[in-house]
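Across the two complexes that follow, subunit A remains constant while its partner is subunit B and subsequently subunit C.
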Partner chain A sequence: MPSENVLEVFRSGLLTPLPRAPSFLLGVTGHRGEVLPVVDLLRFLAKGEARIMPRTRIFVGVSGTYVAGVVADTVLGLRRILVSDILPPPVGADAATEHMLGVVAGPTAEETINLLNFSKLLQTARQRAVTR
Partner chain B sequence: MMEEASRGVDEIDILFFEIGGQVYGADASQVLRIDRSLPEDLALPELGPLRSGGRALVFETSQGESHLKVDVVQGVRPIPVTELRRLPRAASAAPFTIGACLDQARLVLLIDLVETARTQGRH
Partner chain C sequence: MALDTTNEKPAKARGAKKPAASKPAAKSAGAALPLKPLSDTLRSVLAGNLQARVASEIVTGDMAEVAELLNQVLERFSDAEHRKHVAAQEIDQALDGLIALVREGDLSRWNTTTEDPQLAPLLEGFGKVIETLRTFVREINEAALRLSSSANQVLAASTQHETSSTEQAAAIHETTATMEELKHASAQIAENAGAVARVAEETLGAARAGRGAIAEFIQAMQQIRSDGIAVADSIAKLSKRVERIGTVVEVIDEIADRSDLLALNAALEGSRAGEAGKGFSIVAAEMRRLAENVLDSTKEIKSLITEIREATANAGSAADASKIATESGEKLGAVAAQAVEGILAGVQETSDAARVINLATQQQRTATEQVVASMAEIEDVTRQTTQASKQATGASAELSQLAGRLAELIKRFKAD
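Moving on to the complex of A and B:
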């Protein structure tokens, strides 16, 4: 995910579930005196569900005026990627590809890194939540 | 006297209660009394599965008294209004969740009791 969309990363604490919220919205948490909605990307992209473990982290993602926490199993770090290295996402692979900026080669030949379009993802999440 | 006046402006009495192990809060001024619950009392599974449901918060609606089953009533505490928060726009939850309060390390959802009766079609 582009680092411009990430404000900070913190250790997952207590989540307060929200009644009648969509399943991908795990709940809200208090962070720096504000209420932060927390999104499970796996559920949002229909790829399973996140499990909150001791190493689980939440990164604070921002797009315009919208701010949300996103559950991550592990935060690996920051890496500079050349725009020219970004390949288009595979066409018609699954619903997740519409929320991807593209893919880049990973640390090994077999691995690829999916780059998320966080702005679009947050916009869709909000639409899904509101139109329920 | 001055102290009481300033407390009234800066703090609000919140009644804390539990449903299914989760703590919730409500404006204590909405609550008329706490009773033993009856089978026909209002239950709100969206707040969690009741464990005992042995108590009921009694509150006034435009149609009369309504009773909401809860597991535990923790008590009433004054909470500074500076600790009250609206829910973020992205978190569109049930209409009876009117906000949250930052209570030490945890975030407690605030429930509008009158709205719970309305959403259950009781009033």
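Moving on to the complex of A and C:
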């Protein structure tokens, strides 16, 4: 995730599920006096589902005026990536690919970093939630 | 010979009388010539014919008277001669009886009578003496026979007594030998009983030692059990401490996690501040690394605690098992102690019994020795008795022999 889209990271507290919400919308939680919807990216991208543990990290993503919590498996840390290193995402892949900004090649194939396009992701989510 | 001797006397008597007888013959021959018939008759008488007489037809006158007188003289002479002859015969008979008595002891042949008034008292006296002797001999014979039979009976009884006495001596000897063996046997029994008593005493000592050892064993088991309880307590305490460490580690982990988050958010803030927040971001990253180190450490501690927990659980179960084992050991020890008590009681009884046997056999030995001594005395007495009965047998044999000889001797005198 680009760091301009991340406000902060916190530990998941009590999630309040919302009725008639899409499956990727796990619920809402209170954070610094505001109600924050929490999204499961794995469900959203149809790649399984996240498991909420007491220490599961939730980061607060921002795109314009929209704010949403996203469940993360782990938070590895902050990394500086040069723009020149960003490669375009692979063409003709699954639904996840269209929400990616690009790919940063690591020393090995496993350390390859996918950069998420959070604004587009949030937009699609909103659209899906509304269309229901 | 007897006849010769007996004839001498009458011959003398005849010789003495002859002159008296021949005197009238010589007187008559000188008186007359025709004396031939007279002298012939006298010669015939002298020749031994005492029956010769002067025939009265051939003489006459005075001669006839002389012849008559001569015949009377001759008659008288013949009578005297006849009487003399008879007496001599009777005397011969009496002498024969006496000779038989003296030579052969035959009293039976005395059977002499006489009409001779001179001989009669003498023969009567002899007859009385011989009758008395006959009675004597008869009685003596009877007595000798009785004596002989009595002596034989005595001999038989004495022989039987001797035999039985010898048998008795043999039996007593055998009994003495048996008693001797019995004495030895009882001595052996006493010795064996003593050995049994000794062994029982040793066993008693060993069993007592075993009892002591079992008591020590039970004590040791109790000690082990109490130690095991202490170990279990310690393990429980250790477990509690470990739990406490776990909670503390949990707290540290929580703090480290929060620190991690804080550092991350700080790094985000720093990156948002741009170049100005770069240093801050580096410090925050460093903080985050520290927190992660702490998290790693706490994870390691947690795994260690888990291992310790497992180890203490194992130790606890081992302590429980040890406790059960020691309890069963104690029970077994109690059972063993009971068994040893039984052994002790049994051995005590055995020891007592062996001692009693020993005592009894000793008494028996003493009694047997007394019996042996008594038997020896009895044997001695029996030997003397045997000796005496032998002597008695010898004496009675001699007596029997003597009685037989007496009877034999007496038999020589024929009474009937």
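Note that the second predicted complex is superposed on the first by the 126 of 132 C-alpha atoms of A that agree within 3 Å, B and C clash if a C-alpha of one lies under 4 Å from a C-alpha of the other, contacts with A are read in each partner's own complex, and residues count from 1 in each chain.
By our rule, contacts are C-beta pairs under 8 Å (C-beta built on N, C-alpha and C of every residue); 3 or more make two chains touch, one makes a residue touch a chain.
These numbers were taken from a predicted model, which means no experiment stands behind them.
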Fit or clash - subunit C, subunit B, common subunit A: fit
Subunit B versus subunit C as contact partner of A:Gly77, first or second or both or neither: second
Which of subunit B and subunit C A:Val91 touches, first, second, both or neither: neither
Which of subunit B and subunit C A:Ala109 touches, first, second, both or neither: neither
Dominant contact partner of subunit A by residue count, subunit C or subunit B: B
Touching partner for A:Arg11 - first (subunit B), second (subunit C), both, neither: second
Partner chain in contact with A:Ser3 - subunit B first, subunit C second, else both or neither: second
Three-chain overlay, closest Cα atoms of subunit B and subunit C, distance in Å: 18
Parts of subunit A lying in touch with subunit C, wherever the complex brings them together: 3-4, 6-11, 55, 57, 75, 77-78
Contact set on subunit B toward subunit A in their complex: 22, 44, 46-48, 85-94, 96-97, 100, 102, 105-109
Residues of subunit C touching subunit A in the complex: 257, 261, 264-265, 267-268, 271-272, 281, 285, 288
Contacting residues of subunit A [partner subunit B, same complex]: 13-14, 16-21, 25, 28-30, 33-37, 66-68, 122, 125-126, 129-130, 132
